[in-house]
Structure formats: structure tokens, C-alpha cells
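In what comes next, chain A is part of two complexes: it sits with chain B in the first one and with chain C in the second one.
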Partner chain A sequence: MIHVEDKKFVVPGEILAEDDFYPGRGTFKEGDIICSSLMGLVSLRNNKISVIPLKSKYVPKKGDVVIGKIDDIRFSMWGVNINSPYSGILPASEVFGREKKELSRVFRIGDVLFLRVVDVDEVKKVKLGLKGRGMGKFRKGILVDITPTKVPRLIGKKGSMINMIKDKTRCKIVVGQNGLVWVKGDVDMEQITKNIIHLIEAEAHTSGLTNRIRDKLYLLIDGELPKDLETDESKFDENQLNDENNSNNLNNDSNFDNSFEANEDELEKPKLENFKDIL
Partner chain B sequence: MNIIPEITKQSITNLINNNERGDGRAVDEYREIVIETDFVSKAEGSARVTLGNTQIIVGTKPQIGEPFSDTPNVGVLMTNSEMLPIADPKFEPGPPSESSVELARVVDRCVRESQMVDLEKLCIEEGKKVWMIFIDLHIIDYDGNLFDAAMLGVMAALMNTKIPVAEYKNDEIVIDEEATIDLPLKDKATMCTFVKIGDKIVLDPSLDEESILDARLSIGITESGNICAMQKGGDGSLSKEEILDVVKTAYSKKDELMKHFN
Partner chain C sequence: MIFIITNDIVSNKERDDGRKLEEIRPLKIEAGILKRADGSAYLEVGGNKVIAAVYGPRESYIRRLLRPDTGVIRCRYNMAPFSVDDRKRPGPDRRSTEISKITAEALRPSLLLERFPRSMVDIFIEIIEAEGGTRCAGITAASVALADAGIPMKDMVVGCAAGKVDGEIVLDLSEKEDKEGQADVPLAIMPRTGEITLLQTDGNLTEDEFDKALSLAIEGCKQISEVQKEALKNRYEA
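Moving on to the complex of A and B:
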């Protein structure tokens, strides 16, 4: 028996379902009753019930790509703030291999890096690495901070949202799974992108967001909506259809536009060539 | 310690050099100010101020005490600030930090030196009993510029304060809790805080701007037009012209801030 609808707002301890359902993330089972352990929105997938938190802190996971700030230099490693309760370390060997060099010549305190989480151990010691495409230090640009649960929404289905923003603003954008976003482009465009990202964060749970963001982008950049918007819309048809369904029936299982759980493989693979030459 | 990424520093400085700011404000523009008075039912006077995302609750509490021996016929004013750990990751529980003490002192100076509170009227019996007014600042959310927000809150809370009528009879204080009077105020004051980043000066710094400031100057101005408090912070220096400029801007912002008290 189920007590809640999909995308319903719940608070910790609220009863979600009894029997017949599997408890997913953000829930716990007490006897036969599944309760929410978080404040967030219910997500129903087949028979699995989970709660997506409205806000969260980043918990490091092996394989994630993150944006970190250097906040400490030690004998053989850098201390990295990865916008998380757990701070990361970047061992010198990850950067130099077996060579010995002075650490502060390469990265200094206050530098911002794009990193991969190499390993997280039992005590949540986070080992970071720079191996991989586009990893390295950022030059110029701005940082935007969003809550990590909204990262999949910012990227969108197969990168639809992020690519749309990139195309329109001609900014380079790199999204870290820890909720930090790096944007570089024209100064005006950087600010527009920042505002758009904050808008997406604020409205991540609403339907039809991709279309609204697109309109907003046109209005902010061109000052008007393009005349051939109809043809443009064809590729969003699926979403719009979905919107109507959603507004008619909250119980609807389809979750095209407001999927929080975009696959992590769909995360942006950065294509930034100019970073590797800094070493 | 809070480390500001080099690129954030660069982008803020670049924006300010073009007379722009990260949140789209002009260099001499305040964030949205909201003041709610009578916010705490247990306090005789209170206010909650939000300045952008900065949020402060101010409460005032009158108490009967003995006057200082060198000023037997005036009441006592005391200001305290509490930077709650929920307000910012840098705020720690425990004894008040340097910035907390500074905030309380600057606000106290502004209230005291403007002589806005008619302290002589707070005297119940000369040399024996006077009203002591405690002003408590609780920082709920920190997003830069605590000085201006705190001063707005204190002003609103003082204007909202009601003190019970007290009489001195046969060596005893008789308090009539039912009858209250407004705290006797003669003036009002506001504070404008500016920070210098590079060669530019901006009003009402946000948290990011505050964290990369070179110099900071707060100016308290009374409604009657006197400068009643000033506080300089940061490592950088300010030239005479810059200070005069800033004072001029502070005067022009005074009326805008005073509007919030009506």
C-alpha cells in the first residue's frame, strides 16, 4: 500500500508505503513501513521508493569528477577543499610521477582544479588525481556553487540542458559532481550563465524547465524569442507532451523532464585542451 | 581558514573595475532590506533585519541596576553580539571572536555617540537605581555587511522598545508592568559600510567582496546629520579624497535607509 504520490514533498519520518515496495535512497524501513529519512521529493521507480533531498552536501565517491580548491600544501601532497565535509588530498606522485619537485611551483593555495576522485577509504580520506582528459588547473572564469543534488538536472538528459546553455552563451562550462560549476566566456555571458544556473537550481523540480530556460536564454541574450521557435520546439516535443501529462496527473510515472537521476555517465566530459600544458 | 580561489578574486575585481558587481547591483546600491519589528515576544523591543541574505535578530532588554559612580544620573547602555555557528562555517561556538567584539563595539559607539537614547530619562533615583538597556545582536545568517544590517536592526529595536514605568518609594522600586512608556529617543542613526577592492570602492559588500577587501570603512550618520561613528578595517589604506567621497555617498544614502524606520 502506498501513501504518497510521485514528486510529493515529504519530511523525515513521513510514512511513504507499506509492503510491496523496496526502500531506496533517503528512506528507511521500520517493520513493514517505509519512511522518509530526508526532506525532499518522493521518487517512484517501479516498486522502488526513494526520496531525493532538496539540498545536500557532497559525499565523495570513487570515480567522480569534482572541482576543488587548493587550501594547503604539505610535504608530498596538496590539501584540496572539495566543497564537502571531507577534504581531499592530491598526492604529489599523481602530478609528478616519481620525480621530486617543489609543490608550490605547480599549484598554489587558492588555485582551482578539475580533479577525479581516485579513491575514498573507510575513514573517508579522499584521494584525488589529475589523470584523465581535461583535468588540471582552471585559469580565469568564475565559479558557481549549486547543491550537488541538482547537478544531474543542470546537465539534463544526455546533456541537453548544459549543451543548450553552452551553445547560446558560447561559454565553456565544466560541472563538478560536488556542485561546483566553472564558467568561462565573455564577462557578460559569464554573469548570464551564472544567473541561469541559479535559476535551474531553484526550479529543478518543476516541469517544462528546459523550455523555460531556453526562452529565458533567448530573451537575455537576443532580447527576443526567435521566429522559428516552432521548428526548434520539435526536439522538445517529448518533454512538452510530458508536461501536459504531469499537470493533468501527478501520479504519472514518466519523468522525462524532471528526472533527478540522470545517469552519471552522462556527466559532462570536459574538452579543455589547454590545461595539460601547465606542468 | 577561508581561502578565496584566485579566479574568484580575479572575476570580482574585474567586475568592480567595470563598475559592475556579481549580483548585478550598482557600486553604490544596497541589497534588499526588510525589517520586521516586535519579532521576539519575550523582549521589550526587537527586530529582525534581512539585508540580502544577511540576517540578524536584535533584542533589547531593560533591567534595573545601579548607575556608575561617575555618572549617577544616567542610565546604562550595553551592546553584545553573538555570531551563531549556523550563520557561517567560520563562526565557532565559545568566547566571542574578534569580529564579534568589533561589531558590538561599533554598533555601541554609533548608539552612544549619536546620543539618540536620552539616558538621563532612564534614571529612576539618582545614584541608586537606573534602567540598564541591554542590546543583543544575534547573527542568524552571514552574507557580508553585518555592520549596516546590525545598525538598522538596533535602531528598529530601540524604536520598538517599551520600558515599564518604575518608581522609587521608600528605598524600594515599584514597577508597574501594565503601564509602559516608549524608550526616550532623541535621534536616529544609520550606518554605511564601504569596502575598497583594488582602486574601487563599493557600498554594502557581499560575503565574497568582504573576503577579498583591501580596506573597509563604516560611517554612522545621525538623522540630524552628524557623523557619530567611524570604523576602518582591512590592511589597505584610504586616501583623503576617497574618505571624503565615501562620506558624501553615506550622506546621500542616509534618507534611503531612514525610510525603513517608518
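Moving on to the complex of A and C:
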């Protein structure tokens, strides 16, 4: 028996369903009843009931791509703040291979990096790496912070939302799965993008968001709405909050991968040859 | 002239502030009022004004508190110097240290922090104005703030007090009733299962009176619990 509908707002402790259903993320089972453990929206898939949180903290997972800020330099590793309860480490070996170099010559405290989570062990030590397409250091640009569960919404279906913002503001945008977003473009456009991203975060749970964001973008940038706007609501809005599908998009979706490529000239690969020359 | 007081009149008796015996004070809760906290809540009950803020789960900077199997919570209850009629000396004292401890212990059973081992959740409860029953108000507000922060929890803990004033068992004591009354029983429960997470007693009660106070306080908690849920819904369905 079920007590709630799909996409209904629930609070912690609310009874969702009894037997016949499987408890998914954001829920727990107590005897025969399934209850919500979070404040969020119900998601029903076949017989699996889960709750998608409206706010959360990022818990690192192997294979995720994240944006992090260097906050410590130790003997053979960098300490990286990845906007999570667990700070990450970037071992020097990930950057130089076997050679030993002076770490502060490569990345300094405050540098913003695009990284991959290489491993998370049982004591929650998060090992980060730079191997992979588009990984490296960001130059200039601003960082915007959103709650990680809203990352799928910011990207939209097959990157619809993020590509629309990129087209309109002509900013370069990179989204990390830890909820940090890097934006680079004109100073004004950076601010507009930042505001738009915060707007998406605040209204992620409402429907018809892609169209509203599009209108807002036109108003902020052109000052008026173009006349031949199509208002096809159904195109974007289906289940965009469903994180399982969209988080995968982040890695697999072709549109989004392209965006990494476009950014590659912005990312600075540590140039090992040069260091050899210096030393 | 002789007045005959019947039972009927006694049970309809009004309290000093015009409430019935089993009536709570007017209550208002708002979630998400602080921009920089991960979760926050503002609560007003009678003359009490309380702000609760939650930060975390975050990296524990106090190593000795770290637990490898689960997350930990820390709580600070603080009364503003201007919250009471006579200025309160700022800083922690015996009373606020005790309330900090019991608040953390009242909230802990509801939280599912196993998903965040080696992390820490900080709760700050600030009493802006006090008028009796601040520890229960603090627990109620902190619970809303925890839910607002997106921390997984089994249920939202809710607190309410009952007590004995002029020989009557009454619900939700005001400051005056607390001082002049004979007993005060603050209680915190998880309303879905009815588990009690906090129970204190100050004063003298017979066994029957205690049972009556307890069941009255549970009823009060259930009423407040609805307002808590409403507060979270209002935040997103405005």
C-alpha cells in the first residue's frame, strides 16, 4: 500500500508506503513500513520508492568528477577542499609520476582544479587524480556553489539547460559533481550566470523551469523576449530531478563531454618538461 | 452568598494568560532563515523567540570527537544577554551547559549519521527572547533546522512541557507558571513512534499527576509536530 504520489514533498519521518515496495535512497524501512529520512521529493520507479533531497552534502564516490580548491601542501601531496565533509588529497605521484619535485611550483594554495575521484577508502580518505580528458587547473573565472543534488537539474536533459546558458551568456561553464560550478566569461556575464545558477538551485523542484530560465536569460541579456519563442513545456520537464539518470549524463552524455573539450584550452596541464628545465 | 463550584466549571478554568489547561501558546515556525547556515529555523512560541542553525555534516576539526563508525553532533544552547528581564551575564553557565547536553542527546536518536562517518554536525540554538520552555522550543527549532540542512533522520524530534500550577496539570508552561507552579515536566519525543528522547522533572508530582502530565505533554508534542512539518512545506511550496 502506498501513501504518497510521485513528486510529492515529504519531510523526515513521513510514512511513504507499506510492504510491496522496496526502500530506495533517502528512505528507511522500519518493520513493514517505509519512511522518508529526508526532506525532499518522492520518486517512484516500478516498486522502488526513494526520496530526492532538496539539500545535501557531497559524499565522494569513486569515478566522480569534481572541482576542488588546493588548501594545503604537504610533503608529497596536496590537500584539496572538495566542498564535502571529507577533504581530498592529490598525491604528487598522480601529477609527476615517480619523480620527486617541489610541489608548490606546480599548484599553489588557492588554485582551483578539475579532478577525478580515484579512490575512496573505508576511512573516507579521498584520493584524487588528474588523469583523464579535461582535467587540470582553471585559470581565472569564478566559482559558484550549489547543492550537489541539484547538479542534474542544472545540466538538464542531455545538457539542455547548461547548453542554453552557455549559448546565451557565452561563458565557459564546468560543473563538478560535488556542486561546485566554474564559470568564465565577461565579468558581467559571469555575474548573470551566477545569478541564473542560483535561481535554478532555488527553483529546482518546480516544473517548467527550463522555459522560465530561458525567458529570464533573454530579459537579462537582450532586455526583451524574442517573438518566436516556442513554449513546449513537455520537452524538458520530464523527471529532470531524477538524479540517477542525470548524474550518469554528466559522464556519458555526448553534449556534456563536448563541453569539456571546449574547455581544454582553459585548463592548464602541469608541464613536466618545463620543470625538468628549471631544476 | 454561597458559590457552588461544580466539576464542569473547574475543567473550563482559564489560566492567567487566558488559555485553557490543555492549550499550547500561539506557535510559529519558519525554516531556512539564515543564508549561510546549511539549515536553520526560527521559532516563536508565546514570548519565546529562538533561532536554530545547523552546520554540517562537515569535517571534524576536533580530532578526539571523531568516530570512525558514525557522525557526531555537537550542540550549543545560548541565551542572549537581553533575552530575559534582568540582563543575563553572557557566556555559558551551568544551566546552558546542561541544556546543550540534553538537547544533543534528545536529537541524536533521530539522526542517521552512519552515512557520514568521521564527520561532525554542529547545532547552535540562540534564545533571543525567553518566556519559559526554551529548552523544548530549542529542540523543536533545532529539529526543523536539521531537516532543512538535509541531514538524514528517522523522525523530527519535538519538545513540549507540561506541569502543575495551582494544583492543576497544565500544558506548555509560561515563565510565570513555571516560577509559581509546583512542577515542570519537559518532554521530547519522536512523534511517529512515540519514543521519548528527553524527560526531565522539576518539582513534586504524585504518580497519577505525573502520568497525566506525561500524556498531556505527548498530546502537545503532536500538535507542535504538525506545525514543524508545515514550516518545512511552506519553505518550498510558497
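We adopt the following convention: the second predicted complex is superposed on the first by the 229 of 279 C-alpha atoms of A that agree within 3 Å, B and C clash if a C-alpha of one lies under 4 Å from a C-alpha of the other, contacts with A are read in each partner's own complex, and residues count from 1 in each chain.
The criterion applied here is as follows: contacts are C-beta pairs under 8 Å (C-beta built on N, C-alpha and C of every residue); 3 or more make two chains touch, one makes a residue touch a chain.
None of the values given here were measured: they were computed from a predicted structure.
> Once chain A from each complex is brought into register, does chain C clash with chain B or fit beside it?
clash
> Could you tell me if A:132 is touching chain B, chain C, both of them or neither one (first, second, both, neither)?
It touches nothing on chain B or chain C.
> Tell me which partner A:38 touches in the superposition: chain B (first), chain C (second), both or neither.
second
> Is the number of chain A residues in contact higher for chain B or for chain C?
C
> Return first, second, both or neither, reflecting whether A:63 touches chain B, chain C, both chains, or no partner chain.
A:63 sits against neither chain B nor chain C.
> I'd like to know which partner A:205 touches here: chain B for first, chain C for second, both or neither.
second
> Applying the document's definition of touch, where does A:109 land relative to chain B and chain C: first, second, both, or neither?
After superposing on A, A:109 lies in contact with chain B but is clear of chain C.
> Quick check on the superposed pair: does A:226 touch chain B, chain C, both, or neither? Answer first, second, both or neither.
It touches nothing on chain B or chain C.
> Which segment, 9-17, 81-89 or 189-197, is the chain C region that clashes with chain B in the superposed model?
After superposing on chain A, the stretch of chain C hitting chain B is 81-89.
> So chain A touches chain B in one structure and chain C in the other; where do those two contact lists coincide?
none
> For the complex, which residues does chain A have touching chain B?
Spelled out, the residues of chain A in touch with chain B are 69-71, 81, 108-112, 138-143, 187, 190-191, 194-195.
> Which residues of chain B touch chain A in their complex?
1, 3-11, 14-15, 18, 20, 22, 24
> For chain A, which residues are in contact with chain C within the complex?
9, 11-15, 26, 28, 30, 35, 37-40, 53-57, 59, 85-87, 123-124, 147, 205
> If you look only at chain C, which of its residues touch chain A in the complex?
Result: residues 38-39, 56-59, 68, 71, 110, 112, 115-119, 147-150, 152-156, 190-193, 228-229, 232-233, 236-237 of chain C touch chain A.
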